[in-house]
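For reference, the structures are reproduced in the following blocks.
One chain, chain A, appears in both complexes that follow, with chain B as partner in the first and chain C in the second.
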Partner chain A sequence: MAQLISRLRVWRGAVLLLAGLYFLIPMAASVWFSIDDANGISFDAYTGLLSAPGFTDSLVLTLELAAVTVVVLLLLLVPAMIAVRLGAPKLRPVLEVVCTLPLVVPPVALTAGLIGVLRWGPDYLMDTPFFQTFVFIQQPEFPLVLVIAYVLMALPLAYRALDSGLRAVDVRTLVEAARNCGASWPRAVVSVILPNLRGALLNASFLTLALVLGEFTTASILGFQPFAVWIYSVGNSQGQMSVAVSVLSLLITWVLLLLLAAAGRERRHKTTTAS
Partner chain B sequence: MTTAPTPVPAPAAADLSGGPRAAGTATTSPTPPPAGRRLLRGKAWLATLPLLLFFLVGFGLPAVAIVTGAFTVSGDAETGAGSFTTANVTDSVQGAYWTALVSSVKLSALTALIGTAVGVPIAQAVLTSRFRMLREAVLTASGVLANFGGLPLAFAFVATLGNAGELTKMFHLTDHGWSLYSFTGLTVAYLYFLVPLMVLTITPALEGLRVQWREAAQNNRATSLQYWRHVALPILFPSLLGGFVLLFGSAFAAYATAAAMVGATVPLISRQIADALSGNVLVGQGNLALALSLDMIIVAVLVMAVYLPLQRRSARWLS
Partner chain C sequence: MSTATVAPTTSATVEFRSLRRQFGTTTALDGLDLTVEPGELLALLGPSGCGKTTALRILAGFETHDSGEVLVDGEDITRIPAHKRDAGMVFQSYSLFPHLTAADNVAFGLRMRGVAKAERRRRAQELLELVGLPQRAEHYPHQMSGGQQQRIALARALALQPRVLLLDEPLSALDAKVRLSLREEIRRLQQELGITTLFVTHDQEEALSMADRVAVLRAGRLEQCATPSELYSRPATAFVAEFVGTMSRIPCSRTADGQVEVLGRRHAVDGALPADGELHVLVRPENVELAPAADGPAQVIAASFLGAVTRLTVRLPDGTEIKSDLPTEAASALPLGTHATLTLPTRPVLVDRAPTA
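Moving on, here comes the complex of A and B:
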C-alpha cells in the first residue's frame, strides 16, 4: 500500500513537472524575448506601451465592448435560465439548444454570415429605415455588430457557468419562501436568487471578458480595431511590444480570475457553515 | 451531491410538506411540484423571450445568409447575380479548398486526440494534489488560456519557438529541422490552449468519480490499472468523448493562432474563409466564403452529433 502511494506521488509529480515546463517555458521565454535587447536588458516594450499609437484607444474600445457584452449577455440569459427552472421546464431543451448551437458555428463562419447579412443593407434595404440600423451597428466608434457576435460566442460558456451555479441553489424553494414572505417577483429574484448566484455570475462575466479581450477573428475580418487586432498590427513593426502586451494581458486576466476564485472561496466558507 | 438519484416521496409526505422538496432533488426533478406551476404558470416563458428573439435575429439571420448565399450566384458576378447555383458549394470542396478542409480536419483531430490524452492525467494530478493553491492556480490559468483566444498565445509561441524565438536561438533548433510554421509547430501551439480546455472540461467529471467506487474496486482486489480500465474509464468515456469533440471544435474553428504565425505553410479552411472575405478571391466568387463556411459548419455538426446523445448517458452517473 505504501509502495502504491509513493508510486502515485512520483507519477503525479512527473506529470505536474512536465505540464509545468510546457506551460511555463513559453511564458518565461516571451518575457525574456520582450526585454531582450542587443545591448542587454531593456524595458522599452513596456514603458513605451502607454504612448504607443492606438494602444489606449483600442484598449478602451475593447473594455467598453466587454462591458456591454457582459451586461447584454447576463440580461438575456439569467432571466431565461431562472424562468426555465421556475415555471417553464418545457423550454429547457430549447434553451439548451440555443446555448449549444453557437459551438458548431466557428467564429469565422459566423463572421461570414454576418457579412452576408450586412450586405443585404445596401443591396435590398437602401430606402427603408432598416438601412439606418445597419449603418448604426457598424459605426467604428462603437461597433454593436461585434457585441452581437460576442454575445453569441459567449453563450455556451456563460450558460455552463450559470448552470453549474444554479444547480447548487434550490431556486424554487428560495423563491417560494421569498414569495410567502410577501416579496414581489422582481424582488424575490433580485434580492434572493442573484446573491446566491454571485460566484457563477462573476465567473461567467470574467470568462466573457477574457473572450472579448482576446477575440481577433470577427473584429479583424470586419475591419474594426479592438485590442487583439491592435496587438496583431503592432506585431508587424514592433515584435517585442506585441509579445509584451500578449503576456501582460494573459497575466492580468489570470490574476483577476485568481482573486475572484479566492473571493468566492471565502464566501462559500461563510455560507456553508450554516448548512 | 450526496442525494439519492431517484427520490420517491410518499404521497402523504408530499401533501404535508406542501410542495418544496429537499435541496438538490427539486432542481433536477422532471415533474415540478404543483405549487411551482401555480406560482408562474403562463408567464415564465415571457422571460425567455428576449434571449430567443436575440438568438433568432443575431444567429438566425447569419445562418440564413450562409445557406442562401452558398447557393446563389454572387452579387458582383456579371451574369445571373442572385440566381440559384451549386457552383460555390462544388468549388468549395475542390482543389486548394478541399486540401485546406482536409488539413484542418487532420490538425484538429490530431490536436484534440493529444489534448485529450494529455489533459486527463494533468487534471487528475492537479485534482489529487495536496496543494489547494496549485489547484486553483491551474484551473483559473486554464480558464484564461482556453478562452483568451489564440492571438496572444501565438505571439508567445513566435517569441519562444519562432525563427527568432528564444529557444530556437538558444538550441539552434532550425538546424535540426524545427519550424513553428509547419504542421508539427502548429500542433505544439494549438495544444497550448487545447490542453487547458480539456483540463477544464474533464475536471467536473473526475470530481464526480466517487471514492466509494475506487474502494469497492480495491476491496475486490482490483489493481489501480484495473480500476481505471474497468470502472473509471467506462464512466468517464462520454465525458472524454465530449471533451474530444469540444477540443476538435475549438481547434477546427481557430483562426487567430494560424493568422498570427505569418508565413505558416499549413493550409487551413478558416484562413481560406478569412482570405475570401477580405476580398482576396476572384471577382464573382464572393459567395464562396459562405459556401466554405457551410462546409465548416457541416463538419462541426457531424462531430457534435456524435457527442450529444452520449452526454445524457454520462449525466446519469456523474450528477
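Moving on, here comes the complex of A and C:
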C-alpha cells in the first residue's frame, strides 16, 4: 500500500512538472525574447510601450469595451436568470440553450453575419434613424457593434458562471424571506440575492473581461483596433515589443485573476473569523 | 429563552373563506373554511399534498387563490403584496440570509422600513435575547446549528411585530432533541407575545403538543378543527382518527337496532353508521384491555417498549391485528406467544367502511 502511494506521488509530481513546463517554457521564452538584446538584457521593449503609437488608445478602448460589455451582459443575464428561476423554472433549459448557442457559432461566422447586416441598407434609408443607428454603432472612437458581438460571445461563459452561483443559493426561499421582511421585489433581489452571487458575478465579469482583452477576429475583420489587434499590428513591425505587450497582457490577466481569488478569500476569511 | 422586553404584538383574526386553489389538474385547496382566533396557535395538520402549506403561502402572499377570500381582522388581503402583509414567517428550509450576521438578519426588516441603525441594533439585540441567542449576534448562518438558525429566523419574523406569525414546518429539518426543545420555546414565546399563529406541520405529535386548536386537512378540505384532546378522543371522521394517533381496525357487523357487534359484544356507534359495505370498528391502543388467558382468542405477536407503557400487538384467529397499550409491568405478564382475552371500551365506538383492497 505504502509503495503504491509513493508511486502515485511520483506520477503526480511528473504530471505536474510536465504541465508546468508546457506552460512555463513558452512564457519564459517570450520573456527572454522580449528582453534579449545584442548587448545583453534590455527592457526597452517594455519602457517604450507607453510612448508607442496606438498603445494607450487601444488599451483604453479595450478596457472601455470590456467594462461596457460586462455591464450590458450582467444587466441582461442576471434579471433574466433570476426571473426564470423564480417565475418560470420550466423555461430554464430554453434559456440555457439560448445562452449556450453562441458557443457553437465561430467568431468568423458571427462577424460575417454582422457584416452582412451592417452593409445592408438601401440609399433611400440613409436619412432614417434606422440607418443612422447602423452608423452610430460603428464609430471608431467607441464601436458599439463590438459590444454587441462580445456580449454574444461571452454569453455562454457568463451564463455558466452565474448558473453555478444561483445553484448554490436557494433563490426562492431567500426572496420570499426578504419579501416577508418588507422588501419589495427589486429590493429583495438587490439586498439579498446579488450579495450572495458576488463570487458568480465576479467570475462572470472576469471571464468576459478576459474574452474581450484577447478577442482579435471580430475586431480585426470589422476594422477596429482594440488591444489584441494593435499587438498584432505592432508584431508586424516591432516583434520584440509585440511579445512584450503579450507578456504584459498575460500579467494583467493574472493580476485580475488573483484579485478575484483574493476577493473570494477575503469574504471566506471574514465569515470564518467572525466567530 | 428569556422573557425580553419586546412589546407584545397586536394579534389578529385570520379567516379563510371558501378558499380554492388548483395547480393544473391537482386541487390543492377545495373550499377551505377556517377561522383563527386572535392570539391563538392553530396547527394545520395533514398528509403531504393536503393543501396546508398552500393555505399558509396564500396568507403570506406568496401564492394566489382561484376563488374565496382571505381576511385578516375582517379585511380582504388578496390585493396586498407580500411585503406589506404584516405577517412574519419562519420557513421550513433555513432561510437566513447567508451574507448577513444573526443581528443583521434580525434587523433586516427594520432596515427595509428605514429604522435608524442604532435603533435597529438595539431591537435586534432584544430579539436575540428573546430567543436566547444574544451571544450569537455577530455569527453568520453557516456558523450556527440548525436549531440556532431557526431561532434567529423566528426572531427575524418577530422583528416587525407582525399581526400574524406563520410557521411553515420550521422544525422538520432539525434532529429530534432540538425539535422537542424548540417547539416548547416557540409555544412559550407565542403565548408570551399573544400573537396569532398559524403552524403548518405533518407531525401530529408536534401539532397536538403545541396548538390551541388543530385543523386536520385532507385533499384541500377541512376534516375537523378542534382542540388536541377533542381531536384525539372524539375524531369526527375515520381519516382524522387514523391520522391523529394510532388506531386498530377490527371487523364488525351491524345489528338490527343500529349498533355494531364486535368480538361477540354489542356497541353503540359514535356518529353515523355507514349505510352499506363491510364495517370496521376503530379503537385506540389505550382503550384495548388484555388479560392473560390460556384459551383467549388473541395471541401476542409483538411488543414494543415505550417507557411507562408497552405496546403489544395481538392477532385474532381471523388474522386481525390489534394494538394495545398496557402498563409495562402488566405487559410483562404477556410475553410473545401467550394468549389473552380482549376487551373493548363500553362507550360508543367509531365505525368506518372497510378499506377496499
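Rule of thumb we're sticking to: the second predicted complex is superposed on the first by the 260 of 275 C-alpha atoms of A that agree within 3 Å, B and C clash if a C-alpha of one lies under 4 Å from a C-alpha of the other, contacts with A are read in each partner's own complex, and residues count from 1 in each chain.
One rule holds for everything that comes next: contacts are C-beta pairs under 8 Å (C-beta built on N, C-alpha and C of every residue); 3 or more make two chains touch, one makes a residue touch a chain.
Values in this document were obtained by computation on a predicted structure and should not be read as measured data.
Of the two partner chains placed by superposition, only chain C is touched by A:Ser184; chain B is not. Once the two complexes are laid over each other on the shared chain, residue contacts for A:Pro195 go to chain C alone; chain B is not touched. Once the two complexes are laid over each other on the shared chain, residue contacts for A:Thr173 go to chain B and to chain C alike. Here chain B and chain C are compared by how many residues of chain A each touches, and B touches more. Across the two superposed structures, the residue set of chain A contacted by chain B and also by chain C is 169-170, 173, 176, 179. Residues 60-62, 81-84, 87-89, 91, 93, 95-99, 101, 108-109, 112-113, 138-140, 142-143, 153, 156-157, 159-160 of chain C are the ones touching chain A in the complex. Within the complex, the chain B residues that touch chain A are 19-20, 23-24, 26-28, 30, 32-33, 35-37, 39-41, 43-48, 50-52, 54-55, 58-59, 61-63, 65-66, 68-69, 75, 118, 121-122, 124-126, 128-129, 134, 136-137, 139-141, 143-145, 147-153, 155-161, 164-167, 191-192, 195, 204, 224, 246, 249, 252-253, 255-256, 259-260, 270, 273-274, 277-278, 289-290, 292-294, 296-297, 300-301, 304, 308. Chain A meets chain B in the complex at residues 4, 8, 11-12, 15-16, 19, 22-23, 25-27, 29-30, 32-34, 36, 75-77, 79-80, 82-89, 91, 94-95, 98, 100-117, 119-120, 123, 148-149, 151-152, 157, 164, 166-167, 169-173, 175-176, 179, 206-207, 210-211, 213-217, 220-221, 228, 231-232, 235, 239, 242-243, 245-247, 249-250, 253-254, 257-258, 260-262, 265.
Residues 169-170, 173-174, 176-184, 187-188, 191-192, 195-196, 198, 271-272, 274-275 of chain A are the ones that touch chain C when the two sit in their complex.
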